[in-house]
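For reference, chains read A, B, C, D, E and F in written order, and residue numbers begin at 1 within each chain.
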Amino acid sequence: MNWVQLAYLAAALCFILALKGLSTPRYARAGNLVGAAGMALAVVTAFFSVTHNLVLILVAVAAGTVVGIPAARQVKMTAIPQMVALFNGVGGAAAALVALTEFLEVADGGVLFDVATVLTVLIGSVSFSGSVVTFLKLQEIMTTRPVLLPAGQIVGTAVAAVSALLALAVVFTGSSALLVLLAVAGLALGVLFVLPVGGADVPIAISLLNAFTGLAVAASGYVLGNTLLIVAGTLVGASGTILTRLMAQAMGRPLTNILFGAFKAAPPTAGGGEQRSVRAGTVEDVAILLGYAHSVLVVPGYGLAVAQAQHAARELAQLLESRGISVDYGIHPVAGRMPGHMNVLLAEADVPYEQLKELDDVNPGMGSVDVVLVVGANDVVNPGARDEPSSPIYGMPIFDVDKAKSVVFMKRSMRPGFAGVDNELLYNPKTTLLFGDAKDSLTKLLAAVKSL
Amino acid sequence: MIDLLTIFVLAVFVGFEVVSKVSTILHTPLMSGANAIHGVILVGAVLITGQAEGGIELVLGLLAVFLATVNVVGGFVVTDRMLEMFKGHKR
Amino acid sequence: MKVGIPAESRPAERRVAGLPETVTTLIGAGLAVDVQSGAGVHARASDESYRAAGAEVVPQHPAGTTEVVVSVQPLEVEQARKLREGDITVSFLSPSAELDLVRTLAERGVTAFSLDLLPRVTRAQSADALSSQALVSGYRAVLLAAQHLPRFLPMFTTAAGTVPPAKVLVLGAGVAGLQAIATARRLGAVVEAYDVRRAAAEEVRSLGAKFLELELESQDGVYAAAQSEQFLERQRELIAERVAQSDVVISTAAVPGRKAPVLVTTDMLKAMTPGSVVVDLAAETGGNVVGSRPGEEVWVGEVLVHGVRNLPSSMPVHASRLYARNVANFLGLMTADGRVVPNLDDEVLAGACLTHAGEVRHAPTRELL
Amino acid sequence: MKVGIPAESRPAERRVAGLPETVTTLIGAGLAVDVQSGAGVHARASDESYRAAGAEVVPQHPAGTTEVVVSVQPLEVEQARKLREGDITVSFLSPSAELDLVRTLAERGVTAFSLDLLPRVTRAQSADALSSQALVSGYRAVLLAAQHLPRFLPMFTTAAGTVPPAKVLVLGAGVAGLQAIATARRLGAVVEAYDVRRAAAEEVRSLGAKFLELELESQDGVYAAAQSEQFLERQRELIAERVAQSDVVISTAAVPGRKAPVLVTTDMLKAMTPGSVVVDLAAETGGNVVGSRPGEEVWVGEVLVHGVRNLPSSMPVHASRLYARNVANFLGLMTADGRVVPNLDDEVLAGACLTHAGEVRHAPTRELL
Amino acid sequence: MNWVQLAYLAAALCFILALKGLSTPRYARAGNLVGAAGMALAVVTAFFSVTHNLVLILVAVAAGTVVGIPAARQVKMTAIPQMVALFNGVGGAAAALVALTEFLEVADGGVLFDVATVLTVLIGSVSFSGSVVTFLKLQEIMTTRPVLLPAGQIVGTAVAAVSALLALAVVFTGSSALLVLLAVAGLALGVLFVLPVGGADVPIAISLLNAFTGLAVAASGYVLGNTLLIVAGTLVGASGTILTRLMAQAMGRPLTNILFGAFKAAPPTAGGGEQRSVRAGTVEDVAILLGYAHSVLVVPGYGLAVAQAQHAARELAQLLESRGISVDYGIHPVAGRMPGHMNVLLAEADVPYEQLKELDDVNPGMGSVDVVLVVGANDVVNPGARDEPSSPIYGMPIFDVDKAKSVVFMKRSMRPGFAGVDNELLYNPKTTLLFGDAKDSLTKLLAAVKSL
Amino acid sequence: MIDLLTIFVLAVFVGFEVVSKVSTILHTPLMSGANAIHGVILVGAVLITGQAEGGIELVLGLLAVFLATVNVVGGFVVTDRMLEMFKGHKR
């Protein structure tokens, strides 16, 4: 028996290490593998306690594997979030089922047992139904817009109250039927919880549901008196909560808003841009993009000059080079507001002349550039000058940065440049916008790349 | 019971500390990895099913085993796929 | 069709409108090129190098023997008389100062383009010779000032004491002004600048210099027009105060098609430190500084006022290189299948066109005639 | 005791050995000062300003009426004849070129200090006029070159094409050479430099420029002496190769007390791009460039060779300011209680002393007599 | 009973938060207070379980307080390390005594109980005697040099073997007498362990002994079945271990060396300096010095130019200014190798002219400058030029940086500057040396100050 | 027992994580603070002494209480003194 416990402890350790690994780019993959190894150890260990139904259990595991692996393998990269939601949901359901079953098996486990059971079933059901709804939303089987039921708040409050009452009733009566009812109420609660969440916030909701499932698992650990489940569930619950907060912060949505039913529709992050959506990234996103690139092209423009960001740009470039990344500067003939504006600034910052490339040096090989960092330039990378004969800047040669693998745009707003024309590139799915003063952004990027 | 509570509290701390400085780009993989880890409910499912005397418990237990397996297996695989971008690049 | 590049005949003009490299470009576009012998002498382009690029070197001015004549300065009237109907000429024409020439060109049915009329739209930038030559002027103006200044521009802390940095004031922050700011800053001077254009403030600061704000706001608009009396008074006060503090003043203020605004008075000059230097880039269009005369150095009290005349010519190699490319790019806008055929529906060509088919198309010039 | 500051009489000398600010310092040290009227005219110091600082303005040369005479250039022999026994004079004396003067000074028992003999030890730095004037020369040399160059020094990427940065080669990285490097880099040129001193490599790189390494190692030592034939050959090769690649060459190589080494030959000049500019700061001591003559511009093929003569004089305000402070600091070393009493046991004073008590103390000069 | 446990848990929580706080400058003080609060809670709670001897215990506590507080209050700042050592030692002794007493009270606690007891007594004794020896060393009551006994290794190994045997014997026989013997052996081991440690390494030894005490306390927690002791002791043991490693790293001594008896004499960190000792700091030390200063003076010299560190210097200065610290540059007339050398470089890096100060601007107020950052300068701050008439540079005006509150010297080695004369300032106790290329050091400093 | 082991393991993690990024200047205060914390042995000392029936146990227990008190009290006070330099400076 004791070695079983030790094995569980080892598994718990693996999970801690897995989370630790997953928090740094360098060890993320290894972390995931360690987690999987811990899981294998735990499951194999569990089988030693199996006294009945071994074959059936193995069949169920096989069935789960046969369903899970291809689903995970074949899903498109863009559909991964909903797949994660689904996996999370089934985990929640499993936790609820486990608690329910144990409740059926055990005659009288005491108050704490009952409380833990009730929590597991309730949270597990919420997590399950909530996850299913998020899946439907992301898969666009249902609308991605927030669904605001008439009197939604009231219905939600009512269902929550009913759940609470049922939970109390189960603890006092020990009735399995009521427990099943509680599960149903939980399912309803989960649906109500996620329905009002709009497109961009769905990942936050998934993360929160993920933390919920963790808590359900931890509670089920109390039900079964199994420390591994407690530790692993708590780990996921705690880290999931922090993660949810971090995600909300990264998207500029205070978590409190979200937690207190304010899953209302919110406008997309950026300012103008009329109806069309742009992708605004965080400094960390861009830092990782840069840190794992092989070649980077910096295209400075008037904004670099306004921000007096030439020194910061050179520092970032040097840092990237010191990590073995090739960095060039694309100097457009009319970047800035006077001939040679960029030359003056970059010479001041001591950028070696050899790194300054012109249109013809760069455009032919643009396809193999991993990241183009557009620092306060706009017109000089506007594909309209190449593609739209009606554009007032049509005919001006540009850097074809839209042909690079990805583009990072640093500017303060969605305002256009000197020529006053909108830039299609801002809406390109390849483009990440980093809003803010260029010097500021570059300084932050520098710190972020260093800490990679 | 107090030991379990202590364990809980300590695990909360470990959970907080361990992910508190993760960068945005890892949010989704980390969530997915954590998601796979809570699939450890599979252990619970196996344990109860392994003791079930048949009937409704067995059915529910088997269903739980199936679902938990999907969670575990799918979770780890999908996380690994997400993390492919971090593969192979030497600093 | 043939393009002709004459040796410039106006006094002190050392640039040339085509260089071997642009000859190659033109020939690549299907044109033939005649170059007058000795055309590139100051720009360090020998007759052989033109020949090597594929041009024919001819002894005489190409007017009348080539369909297109490109030059820096306006043609002499006598050369213009040789042009045939439909011939094309490209140069800085300064029409208001060359009314005789304009008349001749119009009479003879020549299509004359003046690069100083080129609309400053994005597409025309590569032909914008005003910008490219202003770049040269701004740079040279600072060198000129530094050369005449009896003191350092940069700061030095040495065993023989500390020398403070020179203060440079740039009036007018157009292309030349901005380049002057950049060059003076490169040399370590403390630079401040003034302009009436609203956008100029940000542009000046984008070069690390200080912009002088008039408390009073000017009317918005890309080019400054006449202003209210109150405005002008406040402007005079500000400039007077800053001029007195400066070791070098470089003035570049201009209003297209008009006399340059007078910004610096004799009193202001007298308040400057003895030995200070003023470079007036606007001298040729009337001058921003009272008493400045183009091409002359005038001492006003103990201040040297250098009225600039044709500064780009003082750096003929690169000034010619930029100008020649502008000209080649401009011809490129109207060349197809080896023929130069101007389409005057194109806003750029229409804007730059002074005379065509016997008509003077530039309204202000037409009024002057 | 009285210190006299004459107006410089040698041709083209525009500096002055004392300015109102140093007059104040000297008076503060208990001395009196006579200034010849008009002495500060080029340095923009008026007679009034001297008077305001406490000096007496006198019409004639102060030789013979003051105990100490400080000047930039050596005194004329006729003035030296007026000096009395025990009088002190401080100036750049260039003894090897002024043997008559040295004889006169010695005969009359004058204590003559020549600042070009000042030992370059730490304590003497504040009086080191060679350094302070070399600073001026290095800076002005670049301005001179930039002024004559028909092209830009900095790089520009513009709508009319890209202009590459000019390549500047500095030969000799002493004080003037280093300052030339710094100034050329400020203006955006790509700079490389060569020197025989071992420490120069690091000093050149410390200014962000490239140092040309001779594969062969030179003999160590602060100042370069005569070298082996193999060394000289490799040096010629290297310099020839780099000169041909350069748009500007600024040569400053000097060996104290000797003729400057010849580094650039006519063949090398001929290999340069037409329009290139060579500034020879060593022209006055024989020249680093074959054919350079002090104070003249010579065209060698299409290359302009500017032999420099007294470059600091072209910037009289600040050159005088640094020189005057050097002189005041030098006098400070031997002034106590309002009297200038040189203690020739002090290594600095002894080193700078040319004649004293009828004796020529500087050995090389003594040999020449 | 249950609320007692909860109180203990709360105390444990306080300890965790205390350590967390103590790891960041901003919350360090608060952390310490939280720790003290937790301790008060724990001790008060413990009194509720007291059934006998209450008054005696209170007297003992009062006595401890009367001894402890004045000792801690009055000790000189420079003597704090040995005081910490002493406090650590008495803690170890207390743990050993507790385990010993419990062993006497409890008849037969089982093997695990015995093992825990043995560990507590052994580690506690080692910690006690070891700490006492470190105290004696630091207080200079005995020599600070490593004491290498003849055949020290052999004696050490023998005592360790004896201890192990005794430990086993206690577990098997349950004899209290043997346990006392074990305590004695532990005392000997502690002495042997610390004797060979030389001056500079003593703090590392203290930290390790501190971790030991933590482990002893954790083991005593097993003995008493008290989770609070387990958690708190383990926390200290774990964090102490990490801390020891960090300290060893900061001093450039690999921990493995130290752990495996290689507490041999090592030369002080820096290279030359003949006999005299200099203080070499780490980037973090300097960062904190700077980050908490009010005014900083940067004195650049030729080394700044050689390292081309002008941009890095300006960045650091700007960062400090953004934190509200006033920063000036002291430009010496002959810094560098040509007149105006520093001007050229700092102008290139766009340092505002107003920040450039000369000798006369700076020297009068030098006494109120918190930190002078000497970046690759040497002769221009050499007090010999002012104080030693025999010095070849006597008479040259200098920056009187020795009058500032502290000085940081950035250079690559102990080599002198241009004048070739030694610089007394390097040996000044106010001076911290930061060895390395100036640009490198500044870049690291920048990152370190940012992360403060 | 396994619970206590789990607690131990988790506490190790918390201990590691919590101090893993401390800067050099805080090494000594942190060591001193940790030192004060292991003074929690005072709790153990109070507990055993509070149950001691007299004799050698009582003497040893009282000694332990005394020593542990010195550790606790001295530890926190000395740490606080060290940390005075971080007081009051606003960023």
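Assume contacts are C-beta pairs under 8 Å (C-beta built on N, C-alpha and C of every residue); 3 or more make two chains touch, one makes a residue touch a chain.
Which protein is which chain? UniProt says A, E = NAD(P) transhydrogenase subunit beta; B, C, D, F = proton-translocating NAD(P)(+) transhydrogenase.
Only a predicted model underlies this, so the values are computations on that prediction, with no experimental measurement involved.
Common neighbours of subunit B and subunit C under the contact rule above are A, E. Note on connectivity: the fewest chain-to-chain touch steps from subunit B to subunit E number 1. The chain with its Cα centre farthest from the Cα centre of subunit F is C. The chain with its Cα centroid farthest from the Cα centroid of subunit D is B. Averaging C-alpha coordinates per chain places the centre of subunit D 56 Å away from that of subunit E.
Between the Cα centres of subunit B and subunit F there is a gap of 35 Å. Separating the centre of subunit C from that of subunit E, both taken as means of CA atoms, is a distance of 68 Å. If you average the CA atoms of subunit C and of subunit D, the two centres end up 39 Å from each other.
Residues of subunit A in contact with at least two other chains: 16, 227, 231, 333-334, 339-340, 344, 347-348, 350.
In subunit F, the residues touching two or more other chains are 3-4, 6-7, 10-11, 13-14, 18. Taken residue by residue, subunit D touches two or more other chains at 125-126, 131-132, 135, 154, 156, 158-161, 186, 188, 208, whereas all remaining positions touch fewer. Shown are all chain pairs that touch, namely A-B, A-C, A-D, A-E, A-F, B-E, B-F, C-D, C-E, D-E, E-F.
Remark: subunit D residues 42-44, 46, 125-126, 128-129, 131-132, 135-136, 139, 143-144, 146-147, 149-152, 154, 156, 158-161, 163, 183, 186-188, 273-275, 302, 315-318, 321-323, 325-326, 329 touch subunit C in the complex.
On the side of subunit A, the complex with subunit C involves touching residues 302, 305-306, 308, 333-334, 336-341, 344-345, 347-348, 379, 385, 392-396, 419. For subunit A in complex with subunit F, the residues that touch the partner chain are 2, 5-6, 9, 12-13, 16, 227, 231. For subunit E in complex with subunit A, the touching residues are 308, 311, 314-315, 348-350, 447, 450. Against subunit F, in their complex, subunit E makes its touches with residues 8, 11, 15-16, 18-20, 22-26, 28-29, 31-33, 35-36, 39, 42-43, 45-47, 49-54, 56-57, 60-61, 63-65, 67-69, 71-73, 75, 77, 80-81, 83-84, 86-88, 90-91, 93-95, 97-98, 100-102, 104-105, 112, 203, 206-207, 210, 213-214, 216-218, 220-222, 224, 226-243, 246-247, 250, 281-282, 284-285, 287-289, 292, 294, 323-324, 448, 451-452.
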